[in-house]
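Both complexes shown next keep chain A, but they swap its partner, so chain B is in the first and chain C is in the second.
For the complex of A and B:
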């Protein structure tokens, strides 16, 4: 008579999880505050246009602006094209084809992600410049003037370096997309008479498009945010111009105007991503783990293996060995108390940022879990937007906001009779950690959210009916269950913070140099050997999250 | 006897949408009762309101005479001394079976905790499983652990929210009986929420049928089946068909199959159109009867066979006959009506189908 399906808790949007009622409560307050953290620097940056323009700005506009635009566009187009070509073809090879050594390349091709772009930049210049070992060897062999070699200090050189370290974003996402594409869809194409090439162009590539676009968008975000690479190459972009405006002309206002122009590019690339992925559901519900691969045997298979091996040597092994050689050559003068001090400060800032950021991500996660309304969804989205803000933009926004706050504090102190000057909040460790927290909130939010989503709503409720107070539920249920997610979140933020260069460079308090700052100082002097020890340290640290990623993908496989 | 749970004029809802609409429920200690209704009828919301997860918009809930929920007031779940068994069991995946059962036993020595855990494991027939983790257990075992965990702190009232719906049918029936016997042996008071009438009948001495946030009837399984006071219940519980007729006196109706009368009187005026509820066991196939029908479908059910019959004028009837009588689909048979419970409803408004053009 009646067909009744059991009501599942997941499809009851109208259910409130906790006894907290009322329209506006502490969860709204908390997530709203975190959203403000991101929104305020952003608004401050744009408000730079409201003030009358300065001489510095008109000078910059005349001499620099058009070059900045052209350079940025060239960089974005070049890197975008490069990471798509490289990432997609590598992903297709490892996910859909078979050749000797495929399983090895499957995860090894993710390793370049561990190398910060600015490290790859100085290694590439050191290796490939006129005085470097590669051209020296060519000269010895062929004689001076008898060979052609591309100029590494060029637009092509910057793009080459960035593509080498950023392609893994596209590679990983496209790889997953190819792996999860329904077997039957691809087999249907094969029975309809398409070979590997036909299947790729007609079916697999269109189906993987959203993943490819998402990966490319991530890579471009990094490209736009990059400071260290372009600085090493003396390639003028908005980030280097912001640095000059700040430290060269001491004009925060000009810096903020440049920052807002950079943000336009960021928004543009975010928008492109949103628009291209909006339509269609590309997931195959009849998903099957078993996939038939296009097998390459004999000389073809080995040809692919050789090509990939060569590529991996260029992208990871050669830079890694070169860094080790340099570090070894300079280790007697470099491995000293100053290095340990740098390491200590880097780790301390990283751990601080990791703790605070993860705690904030937990607050956002709980807000979203307990308050399923539009306001919370909006604030959570804003709070996790920081990853799109380049470090230099964030630094400008925070510094201007905190300088205003400092002035306010001075005025208040003066009114009670004690005269103070100088920076209180601006230029403090607090300001720097704040920048890290805002920038990496999304990084921590991912694993925390995933962890929370795995905890069924009924589990904490069961604890409540068994007499546990909300505090007990947090310490006995949530935290133990979230431990892996919290660990991943903290590790990711720790490593990202340690590698962060532009915001650290602009905001570090006196005496708080980090490894990244040291690398910048040494590479701007062309002292590759002396930059190598901190660089290899960061690469080693950077390998940790990549190993986590690799382990996860191997489990999935 | 003092009442354990009193719910008076309970309303729960969100904005302008009432999920529970004026519910009344009083339960004495030691009773096992069921709340039955289709999904979305508000039964789970009632349970969550009793547990303290759902605030009330009006009315109140009293436990042992103390108000625990009223508009703007909510005693938190952990202070209500209730046990709850969830649809998805909600076992703590990071704790062993023993630790799960002992979770609600605070302020007790390790020794007495172990005693309680061991006793419960024995009760549910799962000795030796204490060191396992929930993920290592089957669905039925997880289910029993969830019941044991809820019973461990000796709650004054146990709430069970569709506890068997994630199990396969065979296991479901066996486990329902097991759990009922367990609860009886502990002299527990329990409210059991389900959309499955068979489970509701097994678990509850009294059953409340809910629809659209209202309690339609609070009765025994026998009465819900034979004397439903609402057309929805007649439809929802058991199988049956309706025969259109016209009231000629308080307990007598004229139908196409002749004049029928029964054991109940209705206060409606003479000439009122009514529908008579015919359960399949009210309709007997008797070869020589002058009321003729054609067999349009049959479902063999072991001891009995359920026949779908169609009269010349299109009226459909269901008839349950011992399966030793065998009538083929398409054959013509005669029927007689043998109505024990004379249940009439005002007819449903007929929706005219409008043809295009």
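For the complex of A and C:
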């Protein structure tokens, strides 16, 4: 493993400006503290191993595990391939090419992000299964049994739905990467005679690799941790075993043990990726607004437009219309004054979580920038692991950690003679936001880290040499340059928090219902149609930040 | 950043400390909000007692109860199946309640023999069939659906749903593991398509012609019927000459660490009383637990049936065995 990087001298000339590697310092402290925050609930999950649950294990091993592993591998490969192909090619088209309607597609292609995966799943099944309108129309037209239609409730169907909702992670990160690639490099390649294809493969793609990897690992962590989507498809994956152990066999221990295996797998994958990633940094701080796009005119341009339009219709318009129809049917029954409260809670929690999580991710990002040692790599990886656990398992881990903290506080208060009972941290907004931070650190970390990686080290160093204070370097150099990355991070966390279900359900203060809670209330007993109104409201609320963000990146370009 | 954290801390600490308050009852509920809120509101109006609640799945709620221990704010746990109540009692978070009113309002087989939990409504799981393609005379029992004459004609919901786990657990209690296993294997062999993730999809599949019979909870049928009154689908009450229709309960228990135990017991008694039962069951088209209360008119129109009178605690006791059996039989 080679982690000493070519561009970073082991000992820095200016000790004040850059902390040295190897010694424990405040960056270690900061990233260590954040890692600890995430590690505590993870340790609760790992503590499941303290109690044996051989009975559940032997049953699962006998009957299900091999199929679950195979299904999970299929899913990860399929979704991974799908999001990379879709995300990267769409990002390349909108960031580096020009065709009719390109400015619209710029932001429209991010919209599927606002649709929760479990909502997409029930819309897809509702539309495309045997009893759905599409196949019913085919039957009316061609007669029963006279047509072929793919089985939607299948491996392919699950992958299809997951790719549609998860590709925006790759799209957004890759797009920002393509947009910020220096025009000098790209134009040099063009001057050397590369066409759009050559520039893409030889220059742009390798340079965007960290962003693509970051987006893909987000998508895959979500795939591995997903329960809602696969449950709607009744598709058995590793999380099925986790929930079977917990809800079926009433063994939270066995569920924790299974979940910790999942976690270990993700941890090892992430560490491997971090240690083997080529350290050739691509620093481009030049704005690339003047870079010429590859222009597609005439039938080629319109061909691209048609294809993207078709894709957008499938990924967003069709589910959106279906949701609208259902919502319309249920609106008189569903819409009441409490919607304002739901909206308010959803937005407030989302914004709080977005701000705090992004700030934490920035601290970790700086730690990794200044401290390229194993300790920091380890703490940074741990701090992002919350995303890899199934939501309910993590939520219970956090909840148990918090109630233990409560019990500890009570014990301490009792020892000084003031007896108290009840919840202190548990059931508070603080606790809930903490849970979001732990869960979504990885989501903010990706964009922040890729943003930081393209700021040339020499720029802040030069500023320091010229006498700028650390504060100035932060506010005048880092933050402006990081703006697209920070906005992406905040947007992703905001949208993810608004969609988040298990932690919100378990840890919300009394009366703090959100739109996701409302969706749960309806879907838990299969009332998909009634869930459409909160779902569509969630999508609409999610659209606002998406559009804001795109405005922002358009300006920055 | 600092101000954000300070603001958050301030917000957290400014929240009212939850002290024991005789005028407030706190409920952890796996039953959906819109099925409990109208009743809670009515109770508050009548008695002035406030009810706070939080809704989630039974598993996480139970984990929370256990973790909070003596500091839990919850006075009552509410679930939508007997298995989870049985498990809650088993893990020691509930406490027995001796109440004349509860014993009178709730038939003995629909509450815990140890008095730790009580049924509040009945959920019947029965057979639904296509009126186009099936003659009701050809239907007899759950067991009969394993007969080869139903090959390629059966739709089922996933075995991961607790309603199916309870059904199979009760079959094990009646027939033993060996026989039940054969029945389940027969079901799997008769499936027209992969099991669905919910009952409504199974019924829609019958309407669309993908299969002819399915096993569903009656209130899902009621909901679908309300949307499409003309659908060619009808309920059949199986096992009328033998064990009766499989029933589960939606119910509740008082927590061991309840701060307002008396209040919780009174609420429980009120929920099982004649004045609350009509609405409690009616809101979701379920059957009232209290035999003195008539079912909702729509529900009553489906006809009377003989229900299984084995204590629903069996569903919890045999749940793990049922899941293992279904896994081995390849019932997904």
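Here is the rule we go by: the second predicted complex is superposed on the first by the 311 of 557 C-alpha atoms of A that agree within 3 Å, B and C clash if a C-alpha of one lies under 4 Å from a C-alpha of the other, contacts with A are read in each partner's own complex, and residues count from 1 in each chain.
Just so it is clear, a residue touches a chain if its C-beta (ideal position, glycine included) is under 8 Å from a C-beta of that chain, and two chains touch if they have at least 3 such contacts.
In this text the structure is predicted, and so the values were computed from the model without any measurement.
Visitor: With the two complexes superposed on chain A, say which partner A:458 touches: chain B (first), chain C (second), both, or neither.
Guide: First partner only, chain B.
Visitor: Touch test for A:477: chain B only (first), chain C only (second), both, or neither?
Guide: A:477: touches chain B, not chain C.
Visitor: Answer with first, second, both or neither: which of chain B and chain C does A:524 touch in the superposed model?
Guide: Touch status of A:524: second partner only.
Visitor: In the superposed arrangement, which partner chain does A:467 touch: chain B (first), chain C (second), both, or neither?
Guide: A:467: touches chain B, not chain C.
Visitor: Looking at the overlay, does A:234 come into contact with chain B only (first), chain C only (second), both, or neither?
Guide: After superposing on A, A:234 lies in contact with chain C but is clear of chain B.
Visitor: Just to be sure I read the superposition right, which of the two partners does A:502 touch: chain B = first, chain C = second, or both, or neither?
Guide: Only chain C; A:502 stays clear of chain B.
Visitor: I want to verify the contact counts: of chain B and chain C, which reaches more residues of chain A?
Guide: Looking at chain A, the partner in contact with more of its residues is C.
Visitor: Just to be sure I follow: which residues of chain A are touched by chain B in one complex and then by chain C in the other one?
Guide: Shared contact residues on chain A: none.
Visitor: Which of the residues in chain C end up touching chain A in this complex?
Guide: Those residues of chain C that touch chain A are 1, 4-5, 8-9, 11-12, 15, 17-20, 26, 32-34, 52-61, 63-64, 67-71, 73, 87, 90-91, 158, 160, 162, 165, 193-201, 204-205, 207-210, 220, 223, 259, 319-320, 323-324, 327-328, 332.
Visitor: What residues of chain A sit close enough to touch chain B in their complex?
Guide: The contact residues of chain A facing chain B are 1-2, 4-9, 14-19, 21, 456, 458-459, 461-470, 476-477, 480-481.
Visitor: Of all residues in chain A, which touch chain C in the complex?
Guide: 59, 62-64, 125, 129-131, 135-136, 139, 144, 151, 153, 231-234, 236, 240, 243-244, 246-250, 252, 352, 355-356, 359, 392, 395-396, 399-400, 403-404, 406-407, 410, 420-431, 433, 502, 505-506, 508-511, 513, 517, 520-522, 524-528
Visitor: Okay, in this complex, where on chain B does chain A touch?
Guide: By the definition above, chain B touches chain A via 14, 17, 19, 38-40, 44, 48, 51-55, 74, 76-78, 80-84, 86-94, 103-104, 106, 146, 149-150, 152-153, 155, 159, 162, 165-166, 195-196, 235-236, 239.
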